[in-house]
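The same chain A turns up in both complexes below, where it pairs with chain B and then with chain C.
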Partner chain A sequence: MSTEDLIETFRAQLRDDPDVASAVAAIRALLGFLRQDRGETIQGLRNSLRDAIDTLSRVDSSVAVSSGGELFLRFISLTSLEYSDYSKCKEIMIERGEIFLTKVSLSRNKIAKLCHPFIRDGARILTHAYSRVVLRVLEAAVESKKRFSVFVTESQPDEAGQKMAKALRKLNIPVTVILDAAVGYIMEKVDLVLVGAEGVVESGGIINKIGTNQIAVCAKAQNKPFYVVAESFKFVRLFPLNQQDVPDRFKYKADTLKTGQNLTEEHPWIDYTSPSLITLLFTDLGVLTPSAVSDELIKLYL
Partner chain B sequence: MARPAAPPAPGPPRSAPPGAVALHPPRFAPLRPPRGRPALPGPPRPERCRGRARQRAPGVARDRRGGAAGGTRERPAGDGTGGAGPRAGPGTAGGGRDRRGGAAGGTRERPARTGVTSPRPAEEPRVRGHVGPPGRQGALRIRTGGMAEREGGNPEGAAPVPAGPQAPELSREEKLQLRKEKKQQKKKKRSEKGPSTESAELCAPPEAGQPRAAAQPTSPPAPADGPGDSEKPAGGKSKAELRAERRAKQEAERAQKQARKAELSQAATTAKPRQSPTEPQSMVKRLPEHVQVDDPAAQRKLAKKLERQQVPLRQDYGTKVNLFSHLHQYSRKKPLTQQMSIPSTVIHPAVVRLGLQYSQGIINGSNARCIALLEVFKQLIRDYSTPPNEELSRDLVAKLKPHISFLNQCRPLSASMGNAIKFLKKEISCLPDTLREDEAKEKLQDVIDKYLREKIVLAAEAISRSAFEKINDHDVILVYGCSSLVNRTLCDAHAKKGRAFRVIVVDSRPRLEGRETLRRLVRRGIHCTYVMINAISYVLPEVSKVLLGAHALLANGSVMSRVGTSQIALVSKAYNVPVLVCCETYKFCERVQTDSFVSNELDDPDDLIVLRKGQAQLGGWAENKSLRLLNLVYDVTPPDLVDLVITDLGMIPCTSVPVVLRVKNVDQ
Partner chain C sequence: MGRRGGGSGSAATMPGAERGSELSEQIEAFAARLRRGGERPRSEDTARQTLSLLRKIVGNGRWSRAGELMDLIRTEGQRMTAAQPSETTVGNMVRRVLKVIREEYGRLHGRSEESDQQESLHKLLTSGGLSEDFRTPYPSLRANVIEAINEMLIELEGTTDNIAMQALEHIHSNEVIMTIGYSRTVEAFLKEAARKRKFQVIVAECAPFCQGHEMAVRLSKENIETTVMSDAAIFAVMSRVNKVIIGTKTILANGALIAVSGTHTLALAAKHHSTPLIVCAPMFKLSPQFPNEEDSFHKFVSPQEVLPFTEGEILAKINVHCPVFDYVPPELITLFISNIGGNAPSYIYRLMSELYHPDDYEL
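And now, the complex of A and B:
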């Protein structure tokens, strides 16, 4: 499968199902790539898969794509050394890839089931930008007959908050769109903050749309719980010490990186929230505290 | 056995004789051997060490043969005292008897009066303990004082019994029974020293008869006949007899104890934590001795143990600050070697040398100390030879104990050394039976080399590589004190020439270790600034990250490091500067500490005396009743002040230390 075909498959996935996470689309594309691979050795297969993951990261520079791809690779290559027959090996790998994909597609529902009990009747929730997982959680809360209202930040520069507000209105949830600058003002009115994540790092902190860190700091100052919902394929082996330490390839969109212009003039798209500001993380591995994330990561990656 | 004309080389060869180290050695003289692996003396002295090993065997068996030794004191005293003579040392009556008993026991191994097999009766129970299925971990605990009673019970010159290798396999229950008996004897001895009111009950015969009958069924019946049947005919009968006698004695004692317990339970309202004597000993966590200096009972126990091992006890020096009165405080001017004769016949000279190097501060830093320790242990193993009728796996561990006590007296063991010793003891005790002695020794040397290479050398490389990712261009890195790992990281990062960074070295009195760091970094061409610790608020606004070393990482994520580290972490947190700690996984401890008081080390308070303009400030501190000097060595940094720990397993947050410990335990 050539690079262009791979990218086309990936883009097609995103187009056909706008609700799918970009990492899931990437994994589906990788699975297709795996099926059509003509290589003869395991090592060659792994190398070509790694190249494919790189290609996809260059298309969509989000953290989730690279972490999801990495985890996919690890998951399928766990048993690769047991069979000497290459085609048998490949079959096993494809099978495991399917299992991984199924698990990953179910993760959102699992998270919604874990998280919606934390939303009480009459709660006022603050959320940030457009997150499909948060949407799923709020959907589950509505299904369990809870009444609550939501504040969404506008989330410039792409006004993702408006998209979120539209989706919420369809679910008949009372929603208010606020300015990004108004978070400090509104914090005393809300009961809890619920955000998604693009990536969860080893320290237990998260990488998310720019503005999340501000919200977390305000929430901490006013003692409001700050909850994060993220699937487990977003766990990544990064350990940023501060904002500067996040690698540039995640901070900016893929197209911007390709043009190679001076990045100091660009606005970053993501920021890093430190684990001390996060109360709980809801993942398909369970409800975790930030310090438990490292434990899970060690289990996943070692 | 006696070696009055021992080879003249003293304990620490090539350096000054022991008397000279009473002076303060120059601490920062460039002639100091480089940190890290110390150069060991030349060739070992095989014949001497072999003799010593032979001497040691009876020495170790001293407490066991105590009873027998008493009986054999009439033996060629000249021979025995010849060996005991040079060991003047802290000789008490009991100690003297032990030593002589040991020497006499040693002579017994030579053509004895009662024939070749006469030592066997004393040895036989011990030999019994040796033989058994592999997995002898539990069996190591067999050596207790209980043996003494048993020896006493054995008639001298009893009928010969088969030698060690021919003794049959003991069943598990038999071994358990032996162990329990010994433990009871120990408990009985201990309680004998307790309230004297109980002593009356000790000699209560009527109760003995009744409970004995009751106790009979409790003793496992199978082993009574089992080994008797499977024993080789030569000594079978006498063995069974001896065992029967012993069991009778056990039951008598047990009965007495139960009777005493009955009295106690009537009198006392509190229930005893330990149940019936047949239950295995409960896992009561005991405080280590080195944090119980103000408890006289614990110190007496320590003194006895050291006396038994023939290691001198180091005296504390100077009045201590009240808060730290539970810790030892020694003076560097009074090294331990002044209290022992050099050459010592119990402690290997390489170990004496190492102990001196520790106590005088010549070898500093947890990695350096651990490496030096393992190298010396390798030498010990090379010079070791198994005495006859002993198993290497058991005897070597016993031989190591006095050396470890000695080193502990010279300077309290660091966490890294403690872990290394634990590892080594485990490796020794897991040696398979089938190996010959030289094979086993070589295997141990390989194991130690592997540990050194993997856990220290390769780990340092891995950490250096991971830390390199965290060093950015135009970084200003703050370091404190002298950590071999941090120095290596910085030197490697500089050598890679990818990043331009500069270093601020923070130093503190009285050790002034930062000067050594400064020297090393400047030599490599790294741009450095040097400040004292009271200036950190001044420099921190321009610092981009702080890189610290660690002495140990505790199970709750706290970092134990040189005193001053937690201060740096605290101020860095206030300035929002990330704090990174570099630590190898072999320094991870199962201990938990939330403060720096509970377990620490007190250095020589005289170090704080400073010579300025010809006047020694604080020189007369000892005379001033209301002045105490405190020279702490370590402090504990809480985990929330540390942002990242770089280990050879990768970069982990401080809170994940117990995860690593768990993973390590699973691996082992």
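And now, the complex of A and C:
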């Protein structure tokens, strides 16, 4: 499968189903790549997959695509350890890949089921930018007949908050869009903060749209619970200690990185929120405290 | 839950049916006792009674496959926990037994004993299909499960002693320890330390039931220098205190506590003075629930103690509440001392994964 085909498959996934997570689209594209691969050895397969993942990161440089790719590689390694015959191994990989994709498509519903009991009747929720998982959780809360109102930050520079507000209005949830700068002002009125994540790092912290760290700090200062909802395929093997440690390739869009200009003039698109500011993480592996996240990653990678 | 013997009324089914209804009566009586509340039952006794009932269900109940047994236990467990939601030990014991059944089934089924029973990223990637469905009947399952429950009962006996054995590591001479209300675990802990060390104890009386008084009487019988003071004075005295040692009713999955009313105040005062807060609680009090909307842990009793009915006219104009329990968030706790040793609150999730299976968190 050529690079253009791969990129086209990936883009087509995102176009046809705007609800799909970019990591899932990446994994699906990689599975298609695997099917069409003509190699004969595991080593060759791994190398071509690495190249494929690089290609995809050049299209969409988000953390999610990186974590999806990493997970897929890990999946290949684990499966190849069990079967020495290459063609049998490939069959099993494709079969398991399909099962994995079916399971992760259910993960948003699992998370919604775990999270919506934490939203009380009459709650005022603050959320940030546009997150499909948060949308699903709020949908589940509406289905269980809870009444609540939502504040969404406008989330510049792409005004993702407006998109979220529109989607929420369709669900008949009273929503107010607030300025990013107004988070400190609104925090006293809010009962809980609920955000999604683009990546969950080893320490239990999260990488999310720029502005999340500010919200977390304000929430901590006012003793409001800060909940994160994320699927398990977003767990990445990163351990940033501060904002600087987050690799540049995640902070800026792929196009900006390609032009190779001086990045100090650019505004980053994501930031890192440390685990001490997070109350609980809702994932399809269950409700986790930030310290439990590293345990999960160790179980996978070791 | 009447389990009548199917069919012909032969000698084999009649005693089974009788045992079934007698068991059902015992469960009903247990649930009724829980519902009534009344005297403060000792958590260890509740746990022991629950385990004995569950053992009887396993031994005498009508089931042939692990799946049926688990459904049976789950139904009975739901009935018992619904009777008194604030008694979380009942639910905990039911979940322990369910995990035991899963383990014994897995062992008989020939699966390795790793924790591949838990959901994990690893399992998501490598599993080939459906999960266990517990269909295969194994005749030795009954005996194995009963033996495992017996082991749990023995473990239950030793919990207070195991906790008390760790006392000498934590209490040093000439220390001032503060505690609140009456906890039998803390009493045993302090008594054990008093055999070799000399220290003082300040007991907050814990209004309105004032169980602190009883605690003080028992401690002073062991020649421990004890002072009783009112709850309002907790903050004032805290600067002189070296450690705060308390018991609790329940430990929640995020490391928080559901403890007797007044504990949150004590914890905040301790945090303010950077005094370590140690919680002595056995592992059967660990519950896999998170604090959330249901708030089923709250229990309110008659406000007679707060404002007696003799006050007359004023009662028509005001609302009086008497909550029994308090929520203490995990940030305020320094250390949990349990029968398996000392642990930080952030480690609770790990202990939970060893005791319970994720599918059983919701009974």
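Quick notes on this structure:
Note that the second predicted complex is superposed on the first by the 298 of 302 C-alpha atoms of A that agree within 3 Å, B and C clash if a C-alpha of one lies under 4 Å from a C-alpha of the other, contacts with A are read in each partner's own complex, and residues count from 1 in each chain.
What we mean here is this: a residue touches a chain if its C-beta (ideal position, glycine included) is under 8 Å from a C-beta of that chain, and two chains touch if they have at least 3 such contacts.
The shown structure was predicted, so the numbers you read here are calculated from the model rather than taken from an experiment.
When both complexes are overlaid on chain A, chain B and chain C end up sitting side by side without clashing. Legend: residue contacts after superposition of the two complexes on their common chain; A:Glu202 is shown touching chain B, with no touch to chain C. In the superposition on chain A, A:Gly286 makes contact with chain C only, while chain B stays out of contact range.
Of the two partner chains, chain C is the only one that A:Leu71 touches; chain B does not reach it. Between the C-alpha centres of chain B and chain C, as seen from that of chain A in the superposed arrangement, lies an angle of 50 degrees, given as a multiple of 10.
Of the two partner chains placed by the overlay, only chain C lies in contact with A:Pro117; chain B stays clear of it. In the superposition on chain A, contact of A:Asp295 is made with both chain B and chain C. In the superposition on chain A, contact is made by A:Gln244 with chain B only, not with chain C. Judged by the number of chain A residues each one touches, C leads among chain B and chain C.
Taking the two complexes aligned on chain A, the least Cα distance separating chain B from chain C is 6 Å. When the two complexes are superposed on chain A, the residues of chain A that touch both chain B and chain C are 291, 295.
If you check the complex, the residues on chain A that touch chain C are 71, 74-75, 78-79, 92, 95-96, 99-100, 103-104, 117-121, 232-233, 235, 279-280, 284-289, 291-292, 295-297, 299-300. Within the complex formed with chain A, the chain B residues making contact are 470, 472, 545, 578, 580, 640, 643-644, 650-653, 655-656, 659-660, 663. Residue ranges of chain A in contact with chain B, taken from their complex: 202-204, 237, 239, 241-242, 244-245, 275-276, 291, 294-295, 298, 302.
Within the complex, the chain C residues that touch chain A are 119-122, 124-129, 253-255, 290, 292-294, 346-350, 358, 361.
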